[in-house]
Amino acid sequence: MTEVFYKPQGREVELFLAAHKLKMSVLLKGPTGCGKTRFVESVAEKLGLNLITVSCHEETSATDLVGRHLLMGSETVFVDGPLTRAVRQGGILYLDEVAEARPDVLVVLHSITDYRRQLFIERTGETLVAPDSFMVTASFNPGYQKGLKELKPSTRQRFISIPFTYPLPGPEAEIVAHESQLDLKMVKHLIQIATQIRNLKELGLMETVSTRLLIDAAKLIGEGIEPRLACRTAIVEPLTDEDEDRIALTDLISMQF
Amino acid sequence: MTEVFYKPQGREVELFLAAHKLKMSVLLKGPTGCGKTRFVESVAEKLGLNLITVSCHEETSATDLVGRHLLMGSETVFVDGPLTRAVRQGGILYLDEVAEARPDVLVVLHSITDYRRQLFIERTGETLVAPDSFMVTASFNPGYQKGLKELKPSTRQRFISIPFTYPLPGPEAEIVAHESQLDLKMVKHLIQIATQIRNLKELGLMETVSTRLLIDAAKLIGEGIEPRLACRTAIVEPLTDEDEDRIALTDLISMQF
Amino acid sequence: MTEVFYKPQGREVELFLAAHKLKMSVLLKGPTGCGKTRFVESVAEKLGLNLITVSCHEETSATDLVGRHLLMGSETVFVDGPLTRAVRQGGILYLDEVAEARPDVLVVLHSITDYRRQLFIERTGETLVAPDSFMVTASFNPGYQKGLKELKPSTRQRFISIPFTYPLPGPEAEIVAHESQLDLKMVKHLIQIATQIRNLKELGLMETVSTRLLIDAAKLIGEGIEPRLACRTAIVEPLTDEDEDRIALTDLISMQF
Amino acid sequence: MTEVFYKPQGREVELFLAAHKLKMSVLLKGPTGCGKTRFVESVAEKLGLNLITVSCHEETSATDLVGRHLLMGSETVFVDGPLTRAVRQGGILYLDEVAEARPDVLVVLHSITDYRRQLFIERTGETLVAPDSFMVTASFNPGYQKGLKELKPSTRQRFISIPFTYPLPGPEAEIVAHESQLDLKMVKHLIQIATQIRNLKELGLMETVSTRLLIDAAKLIGEGIEPRLACRTAIVEPLTDEDEDRIALTDLISMQF
Amino acid sequence: MTEVFYKPQGREVELFLAAHKLKMSVLLKGPTGCGKTRFVESVAEKLGLNLITVSCHEETSATDLVGRHLLMGSETVFVDGPLTRAVRQGGILYLDEVAEARPDVLVVLHSITDYRRQLFIERTGETLVAPDSFMVTASFNPGYQKGLKELKPSTRQRFISIPFTYPLPGPEAEIVAHESQLDLKMVKHLIQIATQIRNLKELGLMETVSTRLLIDAAKLIGEGIEPRLACRTAIVEPLTDEDEDRIALTDLISMQF
Amino acid sequence: MTEVFYKPQGREVELFLAAHKLKMSVLLKGPTGCGKTRFVESVAEKLGLNLITVSCHEETSATDLVGRHLLMGSETVFVDGPLTRAVRQGGILYLDEVAEARPDVLVVLHSITDYRRQLFIERTGETLVAPDSFMVTASFNPGYQKGLKELKPSTRQRFISIPFTYPLPGPEAEIVAHESQLDLKMVKHLIQIATQIRNLKELGLMETVSTRLLIDAAKLIGEGIEPRLACRTAIVEPLTDEDEDRIALTDLISMQF
């Protein structure tokens, strides 16, 4: 596997490495598609540690994290969940979209993320102590979830938090060009479009255009799709189902291409 | 099996093939019965790939997509779900009516639909990497679901989106005639009726008449059912239970037959 | 078994047979106790096909329709649900009170009721193709459910719909007399009562008197129960718990007997 | 077992026997503790049929009524539920407090309570035909449930309905005296109290005093408990937790004892 | 085991013994910590009967009360729940905080608490008849649950009800002194505090101070904890989290110590 | 394991030891990160008793606390839950964030936390009596849960309650310095910041800054992270997602560093 491409935007790498050394947990805050997952993959690689990712959702239970009994032969065997596996290996547990999990589920993280660094496996009566290299990190999108899905204070105060946002136009152009292999001049038109959409507060978009969508548009253009159609398919339609918003976004695009 | 009949309405085939080549996911947006399923079947055929369809509903769980343990003999065996099967075969996973699934369930698609192209099977601890031919596509009806069932941005921004609508009168007549084998003159009366109903914004219909309903009416006529009765049975009654709407629709029909 | 007694009210038999020939699904719309079930039993008999009835309710799950794994000996065996059985036998699946099932459950019918005529059994990975004789039919009471339990458009547009209502006084008298063996003169008084109650829009009845209730009253009278008491027991009390409505209905009855 | 004591209040026995002969289902409507259960036990005894009682509650599922698979040895065996047992034996199924069951559960009764008299056991694929002696009866308290828990029309219209209420003072005194063995003079004071409470519409009681409570009070008096204390314990406290209502009821009682 | 200490407050023992003799069920109504549990333990001891206690909660299911099938070896065996055990032994079933159980669950008690004295075990098809000594008793706190969790009339009218409250100052002092072994002079200060708090209607306390809390405070004082601190720990903090209420209560206490 | 570091703030140790001797249960009330867990670990150590911690959450069931049957070989074996284990060992059960558990679950604690000191294991029919050393303790954060998640009075009155809060500036500085090894002068700036934030009632923070967050900030500074960045990462971002609050907090910090 080749090295993960990640372009630092500030001191996030330095902070993450300090937190790991100090056995703290880290919460990455920021919108969809701004590079949080790539960041955590790249620092895990740098630290030489296994990254165990859990995509959190409302169905995620404490049991899913810790493990469950399964019938094997005629015995029930306890099969470790991702949290337990990460503790045993001394790896990094990455809780993607942590606020999607029900707040109460995260309570199982409390003893492993404070000074005790212990995991109680209630169903087997076992207590694990985390090796020094073990760490918990999580991602959270404070934007469209505000007031709906929030982490409760007793969980949040167990994490130091690093804010993420979309890169500045210069670095964003570099990232899009690197990922799509499209020439920089074309990419800059896309960046222009993104900047304008992100400033358009009048639209009722749930989220604005992400770096990921720009890369998709750039790739479609690189594949020979006409730029306006590429932008409509990769930017306009993924952002909205409303006719008025569609027209406004399409107008913006036709000013660039 | 004979080839699937699909009449392109625009550049949707070109876009889908580009997305497949670029390993992107595609969301098909459009109303009931406008041909989304036929489209995806026809492009899967063109690509020579297996199409694995999941009809999403509120009961669909992450486990249904990924797989579950079943007792076989005296051992529990992990039986792949449709997502896992599609990944192993390098086929196309088609999530029909994706917004019917609870938003949190779709989180399991995140790592397989971004640059990682990995599927974590938490219950077995296995990680699959998708072959190049694997692709996720989904359908979504933004009409009557608006505000009720929506995809969340972090899911939507993982898909480029192709909008679908009912065909223009000319091509729609061709499709209805091809499917029903009814003569084109009769079919054109049906198309007239459809055009008028689709413009009737005063009625409180949840959805308007689809190409599918026109084909049904045409087939009943071809079978010898009197046209007015065929239209009442295949168009009016499926669209409404309200007496006023029924009368308005019946009036429209009696102007054609 | 003797032949099912069913007295056609219009062209519903002709329409149903055409739909069966054309491999369409049929929805029977109408109030409680107007003869929908008898109709479908009589046409299934006419077609010489097995009728597999599912009484839908809120607990009905997709699994109930398709089938489930059961432990037999030390193996789990997949036991077909009624939908799967109907597909394998090429019979008629009858979903009685289909709107009682949660809308999302019906999504499993989509691929079997459109041009694909395929059933995906997700839990075994099997795909069945329906024989030509297979058909889906369903009943639905649009009256008291309005706004509460509705079929969603993408399901409704998969069915052509035949409306049912209570028979006209003449045929209804014939049906009641045939079923109860009560003499026609007495029956006509019952039909009078029914006609009056059905026109009484002032009462807050959830549903009005059905042919079924008239047959019950007629049978009680035939068994020697005094007509007023029979009507109170079989008509008034089943329709309402409100004292005012009871008095109004009792008054109507005492004008006939 | 000695014969069940039941004192008819009207023609309810005659109606029930006619319904049984005609293979109809019967719903007993009336308040708590007025003798519905005793009535059904006494007519079952008269008919020489087994009475199978199900106390309905919100947890009652269709499976509870029909039956379920259980593991016996290394095979799963289908164990009949009370409905299936009643059908096989040709007994009377008594659904006590039928409105407590979720309306959708009762849908399983539809085919067995109409002219088909068939029970489809979906989980085994079996179809039972009910013997002539089989009957369904149910009880329902329309009082305090009004608007909260109601039977839906398609279920109600499958039952003829017999209304029950508290007996008239004379017969009620006889019943209380028979059950408690208290002398009739004392009992008449209790009946006086009951009559007054039942007329006191100002109190916010959820239900008024039942014959059952009068029997309890009478029994306590017969056991030597001072009449006022007996009435407070068996009548006042079971009816209310409100201080004002308590005082009003206690005042009524002290006018008799 | 030494005899349970219980100091009667009125004629509750007499009433309970009469109810037992008459095969009635008894409901104990009263606030937290006023001695309901001790009462029922002491009368069970007096009667020489086994007391089987169920602490009711929202999860308590009918199955928990009656029993369930468990896999033992390769057979499923029915394991009696506490209700079934109490019936077989002829003991006293005590449903502590009965209103916490969902109302519908209690329906399983109906046939065993009326004249039938029968328990239908639906899952095995067994019918048990209760021996004469069997009795059901329950506790209920009508105070803070008012309007939230109520017993439904058809359940309540199956119980005669004995109201409980905190003892009068004299007996309460005796009880606290007996339980804590603290000298009576100190105890009287505690009783003073309790009397004042119980009269303080201005505070928004969910419940007022119970005899149990007084005993706790007395015991802490006996253990050498300074009285004010003991009262704050055992009385103020358990009653409220509001600063204003805390100050008011602390003021009351500092007037005594 | 080295001894747990805990700096007493008042007489909490004395109270806890008295409660243990008197077989009372103790509730620790206070905000996130003020040292409740450390306190209970240090007193358990002092008493030489095993501490069994349960992190409560909404999924915690009575069964999780008491134990459940698991299939081992071909027998089901009852596996003790943490409550049952604590009772058998005579250890201390610590219910962390007890208000997160559904109120009804805690009902299982009633008989073990009052004078009976008995645990009824309903699923096995066993009754355990707690050894003298057994104790229940729990933590509760009355701050942000007010009105949402509360313990019900019948549970609360089974616990004496010790309030906790953040330490005074002097001791808090000592604790932060001890934990972070940062020099006291730097630490005092952090304490200044904390004091100011805790007094800022205008901000809509769900919780204020805890001692835990101060320690995190101090550790990051000790690791060479620039103080402002350390404070932003460990104090500002964990407390809020609102831009205005962020600016206010950042301003406070820049007045110290």
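For clarity, chains are labelled A, B, C, D, E and F in written order, and residue numbers in each chain start from 1.
Operating definition for what follows: a residue touches a chain if its C-beta (ideal position, glycine included) is under 8 Å from a C-beta of that chain, and two chains touch if they have at least 3 such contacts.
Nothing here was measured: the structure is a model prediction, and the numbers come from that model.
Least step count on the touch graph, chain B to chain E: 3. The chains that touch chain E as well as chain F do not exist here; no chain meets both.
Listing every chain that touches chain D and chain F alike gives E. Residue numbering shows that chain C and chain D use the same positions for less than half of their mutual interface. In terms of the distance between Cα centroids, chain A is separated most widely from D.
Here the CA centre of chain A is 51 Å from the CA centre of chain E.
The distance from the centre of chain A to the centre of chain B, each centre being the mean of the chain's C-alpha atoms, comes to 30 Å. Shown for chain A are the residues in touch with two or more other chains, namely 71, 74. The touch graph of these protein chains is a ring, one cycle where each chain has exactly two neighbours. Residue ranges on chain A touching chain F, taken from their complex, read 11, 14-15, 18-19, 21-22, 24, 27, 29, 61-62, 69, 71, 74-76, 102, 104-105, 107-108, 110-111, 114-116, 120, 122-123, 125, 142, 146, 150, 152-154, 156-163.
For chain F in complex with chain A, the touching residues are 32-33, 37-38, 41, 53-59, 64, 70-74, 79-82, 85, 96-97, 100, 141, 144, 179, 206-207, 210, 212-213, 216, 219-220, 223-225, 229, 233-234, 237-239, 241.
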